[in-house]
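Below are two complexes that have subunit A in common, paired first with subunit B and then with subunit C.
Showing the complex of A and B:
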């Protein structure tokens, strides 16, 4: 277990170890839902919320149940099931109690079940042997990092609409190139803190 | 051994617990109690909330058309929700126009019934009924297109306008427990109201078409709802130009039957597209129309004929012979009737408008 302030982990997972731009996790929904700033914001917030919650849940399940019983190899399947169930539950609650939130976040929730950033955070947390508090901050930070990346991307893509792009690169092509450039920019942050 | 048992136990335990929690949550959180739906201000239904408006109305024997089976892509299930509809969902927005949103038009398949609702449904949709029928015969028209002839059982007759479609529902079959409804145009004439003929092409992975092609047998009982759709023959004096591909043959046959019955004197030209010779069908039926109609020409075109086909007719995509033909005639009164894939329809509309057939004289029925 590494002895790091949760806040360091929090900021590090936003900037130096951005889940999307450093590890390239969660690309699918990143590319498909980054056309408009509002929808990107909605999806980003939903991802942040689910990430924080599932990191906490999976931490408890892994370190209190799976590891003591020597069942570490079950973590993939258990994490996925927990994520899916959490998302279902959140969707139900949001749909019932907040129509505004459902319209903004609800339709993204099913997308999140298959967002590999969510599973990635749970697995990293296990590899790096974070404490509970560290995991929650790591989850929240990674979510905000993902939100930051998709917001930046959506902002750029909204501007790109008016630009003249070679037809072969329109759509995912130019989006991937931009992602690469953004990732390079984020490399500048790396090395400031080590969190693994 | 113990390891395996522990693994199974833990995994089963976790999954079971989560499933249980979700079931409990669904019981308490997703329980919207009973809701009242008022239809057109006169009929009032009490239904259990929580499912879509489309399915809720179905339980009350009101069948809104829905070609896509509730996936929110065909936009046929539009209706006005006057009360408590809430905001338009992002899944509906792309399919509604500004005017429709202002008029409280919603997609019934996307709107979940959570409160008492007041909805407005066009009167003619009340004619839509649920039918049971027995498969009288199945016939291979090509390697992937089947003719399905249904003998109606309950109700015993159906009144429809040529060009309309019904929604066939699959029975559960091997590996597929869900039922889905898909729209198929009626190919039989409206003179025999006890029988329906559908032309169904196999769609890879399609739930209903796979069932029809691989599991359905003569004598089986099937269910469908209908009739729906507003694709129909329009009054006019000008020439009728029909364009279809694959199972788009069905509504055209229906229209041709109607023209024959009316003893129409209009000039009719029918372009039918296929890839190779083996995909052409109903050639005798077309020949018969040629004999009975005053001025009917059937123009099949193959996009990639096999060398063995010895094809001497038109070649290329259907837009090519259509374009060539439209250049040779006066198009000021031509009516265009199209049925096929959305891509084909878009391309043909382009050709029609380029040759002076305005959009208000083009009628179409896309596959969805």
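Showing the complex of A and C:
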């Protein structure tokens, strides 16, 4: 893992190993917040930001603190506390300094704590033993991959509103099937670069 | 509120996967084989029952403002137990479920039940609710993983279903297959419900 270029990890986590379409992380908010492009974009940006930051923080905490002290088994509790604290902190900063950003982004921040993509990225980073730089690129790439997926989904769903869909398929049914088709398209990327 | 009803509601009327649509990530990711499905279901069931009971026991002592972090800490403790026990006794299953055992921490069903039920009801009902929801989740996992394993691998729990001439639909084991299976099952359920309610109104 050590000699893998950060850029390879970055692009691999957007396309071949998309956090949502390949690893199924962050499904709940993906399905519930993908009705409009604007809100999808807001949530996607917030997720990207939090992911990059928590990947960096958790990397330092795990490899500098937990592992030397032999406390690896505490990682779930520590990671989730770090994520919750980061989200809370960002919310406070954004609220204090930028009213406009808070209105657009603020409502999504509490949702992010329980978005499993965030914890998932931190855990993948530990399992694959990325270096600090690799972790930051992995976090940013995964966030952008998630943003790309939810943005595409929101675009499709906005168009779908005007289409005639069989009533049984409406709602989650059609959303999941479209996600499946998107995942098929992303399967086409696999083989270009491989991480794991 | 009868205990029987509280137990049964997780199976169909409030099924966590198909009705409440909570905790879809592990359902999509670990339903590649029935073996994995049962393992994931059992792990979730255990964490759900334990966290419901503990949260219900201390519900009066938890300050409302910091309840969510407390819930997550309690859940994370039980997930750590499951993770270590599974790694010790079922190393193969632990290997194939991988990261998704740890991700039970942020599974919305468990936090959802803690917030919506366990923090408002007594220990007995919290236990029943956790058991019912956990069993409902496990049954959904078995249903979805059966469909995917039979079509995608031609086997059920490792037993050959179609004989050696069967050419498996590999797509069903890959990620798109998970989305298609659950999407179609949800559509089928809503079609079924639509028919049932229209029958009721006709009478």
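Everything that follows uses one rule, which is that the second predicted complex is superposed on the first by the 194 of 196 C-alpha atoms of A that agree within 3 Å, B and C clash if a C-alpha of one lies under 4 Å from a C-alpha of the other, contacts with A are read in each partner's own complex, and residues count from 1 in each chain.
Just so it is clear, a residue touches a chain if its C-beta (ideal position, glycine included) is under 8 Å from a C-beta of that chain, and two chains touch if they have at least 3 such contacts.
The structure displayed is predicted, hence computed values, not measured ones.
For subunit A, the partner with contacts to more residues, out of subunit B and subunit C, is C.
By the touch criterion defined above, A:172 reaches subunit C but does not reach subunit B.
Shared-chain residue A:69: touches subunit B; no touch with subunit C. By the touch criterion defined above, A:60 reaches neither subunit B nor subunit C.
When the two structures are aligned on the shared chain, A:95 is found in touch with subunit B, with no touch to subunit C. In the superposition on chain A, contact of A:133 is made with neither subunit B nor subunit C.
Of the two partner chains, both subunit B and subunit C are touched by A:77. In the superposition on chain A, subunit A positions 74, 77, 81 are in contact with subunit B in one complex as well as with subunit C in the other. Only residues 21-25, 28-29, 68-69, 72-73, 76-77, 79-80, 83-84, 98-99, 102-103, 105-108, 111, 171, 174-180, 182-184, 186-188, 190-191, 194 of subunit C touch subunit A when the two sit together in their complex.
Across the interface of their complex, subunit C is touched by residues 21-28, 31, 73-74, 76-77, 80-81, 84, 113-116, 118-120, 123-124, 127, 166-177, 179-181, 183-184, 187 of subunit A.
Of all the residues in subunit A, the ones that touch subunit B in their complex are 39, 61, 65-66, 69, 71, 74, 77-78, 81-82, 85, 88-89, 92-93, 95-96, 99-100, 103, 107. Those residues of subunit B that touch subunit A in the complex are listed here as 6-7, 10-11, 14-15, 18-19, 21-22, 25-26, 29-30, 32, 86-87, 89-91, 112, 114.
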